[in-house]
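The letters A, B, C and D name the chains in turn, as written, and every chain counts its residues from 1.
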Amino acid sequence: MGILDVKNVSKRFGGLKALSDVNLSIKENSVHAIIGPNGAGKSTLLNCLVGKLIPDTGSVMFDGQSVLGRSPYEINQMGISRVFQTPEIFGDLTVMENMMIPVFARRDGAFRMHAVAMVNTETDVIEQAEQVLEDMNMADKRHMTAASLSRGDKRRLEIGMCLSQQPRLLLLDEPTAGMARADTNNTIDLLKQIKDERDITIAIIEHDMHVVFSLAERITVLAQGTPLVEDEPQKIRGHPKVREAYLGESG
Amino acid sequence: MDAIILQILNGLDKGSAYALIALGLTLIFGTLGVVNFAHGALFMIGAFCAVTVQRLLTLSYETVDPTRTDFLGNPMKVKTPYIESWFGPEVGASIIEWSVPLAILFAIPVMLLIGYAMERGLIKHFYKRPHADQILVTFGLAIVLQELIKHYYGANPIQTPAPDAFRGSFDFGQLLGFDPNVIIYPYWRLVYFGFAAIIIAAVFSFLQFTTFGMVVRAGMADRETVGLLGIDIDKRFTIMFGLAAAVAGLAGVMYAPINAPNYHMGMDFLVLSFVVVVVGGMGSLPGAVLAGFLLGILESFASMNEVKTILPGIDQIIIYLVAIVVLLTRPRGLMGRKGVMEE
Amino acid sequence: MFGLDKKDTTLLIIVALLVFLAPFLLNPFPADSAMAQFNAGYPDLMQRFVIFGIFAIGFNILFGLTGYLSFGHAAFLGVGSYAAVWMFKLLTMNVIPAIVLAVIVGGLFAALIGYITLRRSGIYFSILTLAFAQMMFAIAYSDLIGRFVGTSITNGETGLQLTLNDPRILGESATPDGSIPLTNLFGWDMRSTYQMDVGAWLFQFNFGYYFCAVVMLIAFFLSIRIFRSPFGLMLRAVKSNQQRMNYTGLNIRPYTLTAFIISGMYAGLAGGLMASMDPLAGAERMQWTASGEVVLMTILGGAGTLIGPVLGAGFIKYFENIFSKINEATLHQWFSFLPDGLETFVVWVAEHFVGSGWHLTLGILFMLVVIFLPGGLVEGGQKIGGLFSRRKQADEKSKATKTEPAE
Amino acid sequence: MSNKDISRRGVLKTGAVAGAGVALPTIFTASQASAFTNEPTGSSVTLGFNVPQTGPYADEGADELRAYQLAVEHLNGEGDGGMLNTFSSKALKGNGILGKKVEYVTGDTQTKSDAARASAKSMIEKDGAIMITGGSSSGVAVAVQALCQEAGVIFMAGLTHSNDTTGKDKKANGFRHFFDAYMSGAALAPVLAKLYGPDRKAYHLTADYTWGWTQQESIAAATEAQGWETVNNVLTPLASTDFSSYIAPVLNSGADVLVLNHYGGNMVNSLTNAVQFGLRDKQVNGKNFEIVVPLYSRLMAKGAGENVKGIFGSTNWHWSLQDDGSKAFVQSFGTKYGFPPSQAAHTCYVQTLLYADAVERGGSFNPCSVVEALEGDDSSLPGISSDANKGFLFDGLGNGPTLYRSADHQCFKDVLVVKGKDNPESEFDLLEVVEITPTAQVWYEPDNPMFAGGNLGTCNPGA
C-alpha cells in the first residue's frame, strides 16, 4: 500500500483510449517519476489524480480514501498539491500575497467568510509565509508583483506555494518544461532539497530525462495509455522495452 | 396552423436582423477579440445611410407659388427636387422611390470606411486592454455616434419607404393552398429575409472558400500560430472589421423601410444582439446565425395570443428566459468554443 | 484607526472630510455669479453622489475584486427601492426599517440570482445577470406580478409612490393638513434643510444628505475592511487565477457568491436610501442602462481601487444633472463679453455639448478617460500626485512606483 | 437673447442678504422666513421647464422648450405678445409676473420618472424654481406632480394623456391643460361609428404601461357604447420595435378595425407595420379594414409619413385651427422658429400663461393662492348641467371656451378629431381637422370609475 494507489483506471475520449487499465502505487516519502512519450496518457493520468477528470473505471485512493468524484479543491485539502507545466500563480498579486493564500487555505479550509480580520494582522499566517519565502530564497522579492517575476522565479514561487500547504503528496507536471539549462538545474536542486528536508512524497511527470534520473527513486514508464514498466532508475535506463518504446525514439 | 406559419415567417424576419448584427459582432470578437458595444450604432448608421440617400435625392430648390399661402399667410414656397427637374417628374419620382436599394451602393463604401477608420483610429489601441475598457470606449463611441445622428436628423423617426413595387403584401397562403387573406406577408420583409440569407451565405463562403478567409479562420482559431507563419494577420483582421461594419450597415439599410430609422435604434438592438451572440456561443459564426433565427422565432411565438393568454407578459421576457435556460444547460451557448471569454 | 493602517485611515479621513464639507466644496461659486450653474451643492444631487457612491462601492466589491462583470446590478437597487417604499406605505415613515428591509431584500435577490448565474463565468455570466435584470425590469415596468396578484406591486412605469390612503401601521396615512407624511429618522425629516448665507454664497445643509453621508462612510469603511481582509485577498485571487485557486484547496463558488450577495446588499442599501430621500421607486432604475451606468462608474473611476467607484459615480451624476441643465440662455450670458458674431458662434458650438447634448459630452469623456487613463480617474489623480511628489523629492531617486492592485 | 441675468435663488437678491455679505459669515440662517417654498423676493421669478431632451421624445421636448421660451418672452412684454392679446383674462400686462421679470431654468426628464424627479428637484432646490412644467409622458407627469405636491410648488403638466394624471394620481398642486384618454374615446367613437358603421369588430394593440391601459379602456368603452365589439386586446411590450408578430394575426381574428393604443415611436412602428401588412387594402366581414390611432400628434404623424393618410385619431390642438388665439400663437411661434407649433408646444405655452395669470389674479406666488385662482370663481361651462361644472372659465387660448375644473384640476374643452391628410400641401400639413367635438360630449363626472381612487388633497405651499 502506497500513499497513492491507482487501480485499473481507464479513460476514453470518444473513440480514443487515453488510459487503459493503469495500475500504479506511489510509496510514501519517495520520489516517483512517470515518463512516457507524447500522447502516452501522462497528463490524462495526472488529471484523474487531482479531480479534473473522472476515470471511466477503476479507483484512485489517496491515503486510504477515494479521490474519485471529488473536486480539485477537495482533493487538495486532502493533501495533494499540484505544480503545473506553466506556472499557475496569482499574477496580479504580490509574491507575499501569493504565498499567504495557500497558508490561509490550509488554516481556514476551502471557504471562510473571513472579512472581519485584516490580512496584515494575521501574524501566524504571515510568519509561515515568510518562512517559506526564506526557504525559497525569495524573501527579497516579496513585494514584487508575481507576474513580473522571471520564469524560474515563478516556478519557485509556485513550488513554494504548494509547499506552504505542507502537502503529503506533491505532483509536478513537467516542472522544467521550456526552461533554460541553468533554471532547470536550479529547479532540480530545489526539488532535491525539498526531498531531503521534508517528509513529503513527490510524483513527477517529466519529459526531460536529466531531471528524471537526477531525482527519481522509482520510475513508471507509460506508453499508449498503459504502464509498461515500473522500476528503479538504473534498471529503467537499461530496460530494453523502454528503450524500444521511448528512449530509442527520442534519441 | 396558419397562425404558426405566420409567426415562423415573422420569426425568420426578426431573426434575419438579429443574425446579421450578431454575425458582425461575432466576426469582430472572433478576429480582434474586441467586445464592440458600438456595433448597434453601426447598424443605426446603416439605416441612416438610407435616410441620407433619400435626403440627397430629394434635395430641392424652392419656387414661390403666389396662389397658395403657407401657415403664416405668406406666399407658399414649393419645393421641387432637382432630380425631378432634371429627369422629369415621373422618372425623377421613381428614382427617389428607389432610394433604399440605391442606398445599398452608398452604404457599402461608407460602412467599410467607417469600420476601417474605427479600427485603425480607436479599436486598434484596445486589443491588449481588458474587456471592460473595450466596453467603456466602444460604449462611449456609440453614444457619440448616435448623438451626432440625433443632431443632424432629430430624434423623431424618419420614414424611408421601400419602392412601390415592394410595398403591400403577398398572399403567401394561396401558394400553400390556404384561403385568400389567411397568410399574407409584406413583400419587403420577404426581400429582407432573402437579402439576409444572401449576406450570410456570402460571408460564410468568403471565409470558407477564399485564401483570405481561410487565413482569417485560422487566425480566429489560433492567432499566435498563424502569426508565426509570417502572415500579417492584423491587416486581414482590420479588413474583417470593415466587413463586419458593412454587414451591420447593410442590415440597417434594408431595415429602414421595415421600421422608420431613429437615432437610438442601435441601442435597442445592442443588448439583444449580445444576448444572441452569447446564446449562439462566443466566437461561433454559425452559432450566432442559429441563435439569431432561434430567438427571432421564439419571440414571435411568444407574442401569439394563445401563448399570451396562458402566460401574460411572456413576450417581454422570452428572450432573456431562453438565454438563461440555454446558458444553464449549455455552458458555452449553442455552439461556443471552450475558453473563449470565460475568464 | 478602526483597525486600518495609516494609509487607509488617511484615505478614510479625507473622504469623510470631503463628504462632510461637500455643501461648501460643491458650491464654490457665488449664487449670483455666472458660474453658479456649475454648483452642485444642493441636497438632491449631493444625495445622489453618495447614494450612487454606495452603489458603486458595492459593485466594485464584486467586479473590482473578483472580476465578475455583472450587467444586472441595477435590479438589486430596484428591488431595494420597492421594498423600502412598501415599508413606508405599510409600516412607518421611519427610514430605518425601510433601509434594513431594502438591504435584506437586495441580499436575498442577489443570493438567488447569484446562485444561478455564478455557475458561469466571463461574458456568459454577464449575459445571465443581464437577462435576469431585464426580466425583472419588464416585470416591474408592466407590473406583471401585480397582474397575477390582483393588486399593484410596482405601479408600472409611473413608479411605486406614496398616497394619502396608505394603511400605515405605525403612523398616520396623512398629516392633519392633508399631506403625505415625510420620511424621517425618529422624527428628524430627511427633507429638512438649513441654509447658510455667507456673503454672496448660499450653502445648504440637508439632514437627508448627512444621513446618507454617514451611511456611505460606514459602507466605505466596510469596503476598505473587506479589501484588506483575508476574504478580500481571496476575492482578488479569484480574479487573478481561478485554476490556482482551485488547486490551492479553495472553493471558488462560495467566495464569488458571498461577494455577489454583499454587492447586492450594497445595491439594496443604495436603493433603500434613494427611496428614503425621495419615496418613489421607478422601474427605470432597474433597466439595463442603469446596470450599465454602475459598470461605467466603476471602470471610469478605476475598477478595483477603493475610491475610484465613488469618483466615477460623482463624475457621471454631475454631468447628468449639471450639464443637462445648461441652456442657450445660460450660454449667452456666459459669453456675453464676446463680440456679437463671435458670441453667436461660440454659443452655437457650445450648445452641442450641453443641454440636450449632455450625452455627447459624456460619450466623449468616456472615450478620453479610457484612452488616456487606463486605470480610470484614480490613475489621473495618481499622475497628478506623482508630479507633485517628484517635484518634492527631486534629488531622491524615484523608484518605479508599483501600483498596488488594491490601491 | 435678452435673458442675461442668471437664475438664482430669490432669497439672495434681498438687501438683507447683501447686508449679510458685509456682516460676514457668523450665523446659520434657517431661511424659514418665507411663507412658501422659493418665495421670490427679488426682481425676478424663476420657472422650471422640465422636458425630455434625450431619448425618443427629444424632438417633442425641444418643441415644448421653444414654446416656453416664447411664453417667457410674451410674459416679459417682448415679441408680439402672442395669446396674451386673445386671452379672455386680462390680468397679464406684459411686465413679467406681478412685476417680476420671468426667468427660467431647463432640465432633462429623459422620459424616466427618476431622472425627471431629479431634474425637478434640482430646479426647486438649486435654482429656486417656483413652478415646474413640461414633460411628454404620463409616467413622468404623475411622478413629477407628486414631487411638486410634496415640495410645495405648482406643477403645470405638459403632454400627458393618461386618465390617472387627474384621476387616481391627481394632486392639489398639479394642473393639466391637455386632454385625456377618456376624452379621446368620447370624441372619437361617435365619429368612427358614423363613418365606419355601428357594427364593427375592433382589435386593440395596446402599449403595456399605464397610459396604454387607460387609453385602451377608454376607447373600448366609448366604441362599445356605439355598438362596436372588442374582439381582442393584445398588450405589446413598450420596448418592441417590430410589431409584425402582433399585427400578423389581426386579419384572421374576424376583426375589421385595428385600434393602435400606442404613442411615439411605438405608434410610428406599429402603424408602419400594419400598413406594410396591407391591412388597409383588405376586406373583412364585407367591409374595408380600417385602422384607428386614438391619440395623434403631428410629430408622430411626420414620423409615420405616408402611412397616416386617412387614419383617424384625436388631438388636443392643431395649428390649422382658425380661432384668434390659435392664429396669434401660430403667428408668433412660426415667425420666431420658421415652422408651426406642435400640440405639445401649444399646451406648454398655454400652461405657462395660465399659471402667470393665476398668480396675477391671486396677487401672490403662494401655491395655495395659485391653486385658488386656477380653481376659479365657480364659473361654469354653458350647456353642461353638473354639480362638478365649476372652476375657472377662460377663452382665447385655442380650443374655445375652457373650464379648469376645480374638482380635479383638469381642463374641459373641445376635442379635435383629426385624420391624416390625403394630399398634404406642405411638410407640416399632415393632419386635417374632421370634427371639433364639443365639450359637453367629452364631459365626465369626477367620480367616473376610470378616474376613481384618487384624492386631490390640499394645496401645499411648502416651507
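By our rule, contacts are C-beta pairs under 8 Å (C-beta built on N, C-alpha and C of every residue); 3 or more make two chains touch, one makes a residue touch a chain.
The model shown is predicted, which means the values in this text are computed figures rather than measured ones.
The chains that touch chain B as well as chain D are C. Every chain gets a centre from its CA atoms, and the centre nearest the mean of all protein CA atoms is that of C. This structure's chain pair with the greatest number of C-beta contacts is C-D. With centres set at the average Cα position, the gap from chain C to chain D is 33 Å. Rounded to a whole number, the gap between the C-alpha centres of chain A and chain D is 74 angstrom.
Inter-chain centre distance (chain B to chain C, centres taken as mean C-alpha positions): 34 Å.
Rounded to a whole number, the gap between the C-alpha centres of chain A and chain C is 46 angstrom.
Along chain C, residues 138, 142, 359 each make contact with two or more other chains.
The residues of chain B that reach two or more other chains are 312-313, 316, listed in rising order. Among the residues of chain D, those touching two or more other chains are numbered 58, 62, 208, 235, 237, 239. Every pair of chains meeting the contact definition is listed here: A-C, B-C, B-D, C-D. Residues of chain D touching chain C in their complex: 1, 3-6, 8-9, 11-13, 17, 20-21, 24-25, 27-31, 53-54, 58, 61-62, 65, 69, 104-108, 112-115, 117-119, 121-123, 125-126, 137-139, 142-143, 146-147, 149-150, 164, 169, 172, 208-210, 235, 237-239, 455, 457-458, 460. Listing the residues of chain C that touch chain D in their complex gives 31-34, 36-37, 39, 42-45, 48, 138, 141-142, 155-159, 161-165, 174, 177-180, 182, 191, 193-200, 202, 204-205, 278, 280, 282-285, 320-321, 324-325, 327-330, 332-333, 336, 355-356, 358-359. In the complex of the two chains, the chain C residues touching chain B come out as 63, 67, 69, 116, 119-124, 127-128, 130-132, 134-135, 138-139, 142, 144, 147-148, 242, 288, 292, 295-296, 299-300, 303, 352, 357, 359-360, 362-367, 369-371, 374. Per the touch definition, chain C reaches chain A in the complex via residues 3-5, 225-226, 228-234, 236-237, 239-241, 243-252, 254-255, 258, 402, 404-405. Interface residues of chain B, counted against chain C in their complex, comprise 35, 122, 125, 129, 131-133, 135-137, 139-144, 147-148, 151, 271, 274-275, 278-279, 282, 312-313, 316-317, 319-321, 323-324, 327-328, 331-333, 341-343.
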